[in-house]
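Chain lettering (A, B, C and D) follows the sequence in which the chains are written, and residue indices restart at 1 in each chain.
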Amino acid sequence: MRPTRLEAFSDGVIAILITIMILELKTPGGSDWTALADLGPKLRAYVLSFVFIGIYWTNHHHMIHMTDRVNGAILWMNLHLLFWLSLIPFGTAWVGDTGVAPVPTAIYGSILMLSGVAYYILETTIIRSQGPHSRLKAAVGSDVKGIASVAMYAAAIALAFVNPWISESIYFGVALVWLVPDPRIERMRHE
Amino acid sequence: MRPTRLEAFSDGVIAILITIMILELKTPGGSDWTALADLGPKLRAYVLSFVFIGIYWTNHHHMIHMTDRVNGAILWMNLHLLFWLSLIPFGTAWVGDTGVAPVPTAIYGSILMLSGVAYYILETTIIRSQGPHSRLKAAVGSDVKGIASVAMYAAAIALAFVNPWISESIYFGVALVWLVPDPRIERMRHE
Amino acid sequence: MRPTRLEAFSDGVIAILITIMILELKTPGGSDWTALADLGPKLRAYVLSFVFIGIYWTNHHHMIHMTDRVNGAILWMNLHLLFWLSLIPFGTAWVGDTGVAPVPTAIYGSILMLSGVAYYILETTIIRSQGPHSRLKAAVGSDVKGIASVAMYAAAIALAFVNPWISESIYFGVALVWLVPDPRIERMRHE
Amino acid sequence: MRPTRLEAFSDGVIAILITIMILELKTPGGSDWTALADLGPKLRAYVLSFVFIGIYWTNHHHMIHMTDRVNGAILWMNLHLLFWLSLIPFGTAWVGDTGVAPVPTAIYGSILMLSGVAYYILETTIIRSQGPHSRLKAAVGSDVKGIASVAMYAAAIALAFVNPWISESIYFGVALVWLVPDPRIERMRHE
């Protein structure tokens, strides 16, 4: 399988994921401002997940762009990543429905954390397949940012039982860190 | 990232958006003409949004076609546009459910307006990245049509609280203006 | 716009349409054979629409394959076709829910008929854009089959009020006619 | 039709199928661990179907990669396969809703079995179109693995009425067999 096909399929799944979340944004019961206000928590959850999936899309694209060939392990580790990403709409809807309760917030963080782990596993699998002169390895180094994000999610999961708003802040913070232009990715782009 | 990938992903999201709106067109409770008649407002809302998304698809395509390379800012401003477009199915369903009530009609207009603003921001971001001899700038000029549309949406939002049907007429009017063959876009096509 | 992009977008919409219909096939209330039996009418409606959308997909592909360039009129007539096709999941669900009642059966036929008309308009628009030596015109001739199908749908709509099963039979019959290998399309393929 | 278009359309449908299953994973009524625990059976059903569709995606890709040209029979046998695959989300939701009851488990197995049969028919159709020196025939031989899987599904369907957990185990077993790197497919890849 060529990397382009893997990318096209992944892009398809990611495009669907980022879009079907809107189906969870049910129309309010009424037609006044109060009805709209109730949508607040759902909309906030939607925005956050939209940004996270957007980040995964761009990073995934860059990673596959540096992948020379796809073997069975890469293919399945990619599906493994898509599996965890596919749970984001569920987690988003649950957090939105319950107005940031501890368990849903922790579960949402778990989905993000496992997506991050899956991404790291995929990255490692590609690097291993490329051998000692891996282009991807040269670009991402030890992937401190990816590992730190996973650690932040783990902290957020635990803190959800103290106060889920702390966890929400951490999720927003991690998203912001990834949104800020990343010299590592820019370097990848210019090679 | 090459423009073709950005376009393929955006096309995917737009194709999904234009199609999932139909999922909001629930089957009527009964099986007679009365049941169908109740669908009228929903179907009208669906047609309007279908046309709007169609217009964005064609314009987006032409814009990306004149984009030489994609940087991080373009990529995120494109996701920003897709975000607002992704709210159109929600706005459509709400207007359809409530039979053109003031608040839903104003919210629908806000989604259209913010989509228009996001489109303009994306356009400006691409033009800035292209420098003084921007092909896109040469083609769209000051984008009077885009700016005028945003102003019309703003007027429609305010007028929704006078009479939402005025707003609906404005939305249809703006759509018609974009449907009429546009010499600017035709010129872009032939360059 | 190149024909390949128009085709990719249309393929995306058609792939989504053919797939989201399954979302209307709600899980039965129970877990025994009786519960499954109630799904019969819905499954039959699904199969029929799956075949119709499949036919449109293959024919649309062949038509676009013979299209040299895409102008604004072709683009919008293509969106017009996609609009009518996008109503098929709605019609399918309504026929399935009501167990082949007259009005839903007639509405389903109307959607098929208007899809057929939209296809014909698109075909004519492409032929006109190609001028007197149109490749597509040479391949489809007067498109007797397309016109006859539209006439059959019109008859089925009227007959739905006599007995909707007659209409259902006509829909199945038209689908069968298109499924049988078509020398015209085969000729197109080998040119 | 070129194989690449058939593949792109099939990839689109498969990407949608693997993703919309998540829409069946409704948010729990509550916001505590108990609510989450109730999701267990649905999540297990989702994981299994995700893996099955992933397997079909990779195998389908390899098969089409070895297809030289697409005729009408291949095209329709491919749509036939997509039809059975499209029922997987329905079967998944029903098994998940009913907590592995006999009839839903048997129906789920029937969908897998008929998908397997459809895959085999498509394979045979491609091989026949390639003539005596078929590349695909050389690669898959008698497709013992495919035929054995269908036989396993048939056994699982019957055993669902003894104990549906036996059937579930068989489904997981078959999935595992396909997940283990397959020398046949690896050989195909390196030709």
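The rule is short, and it goes like this: a residue touches a chain if its C-beta (ideal position, glycine included) is under 8 Å from a C-beta of that chain, and two chains touch if they have at least 3 such contacts.
Since the model is a prediction, treat every value here as computed from it, not as a measurement.
In the CA-based superposition of chain A onto chain B, the rotation angle is 90 degrees, rounded to steps of 5. At the interface between chain B and chain C, two copies of one sequence, fewer than half of the residue numbers in use are shared by both copies.
Averaging C-alpha coordinates per chain places the centre of chain A 27 Å away from that of chain D. Of all residues in chain B, those touching 2 or more other chains are 8, 12, 16, 20, 23, listed in ascending order.
Taken as a graph of touching chains, this assembly is arranged as a ring, one closed cycle with exactly two partners per chain. Residue ranges on chain A touching chain D, taken from their complex, read 1, 5, 8-9, 12-13, 16-17, 20, 23-24, 72, 75-76, 79, 82-83, 86-87, 89-90, 93-94, 97-98, 101-104, 107.
For chain A in complex with chain B, the residues that touch the partner chain are 7-8, 11-12, 14-16, 18-20, 22-23, 25, 27-28, 31-33, 35-36, 47, 50, 54, 57-58, 61-62, 65, 179, 181, 185-186, 189.
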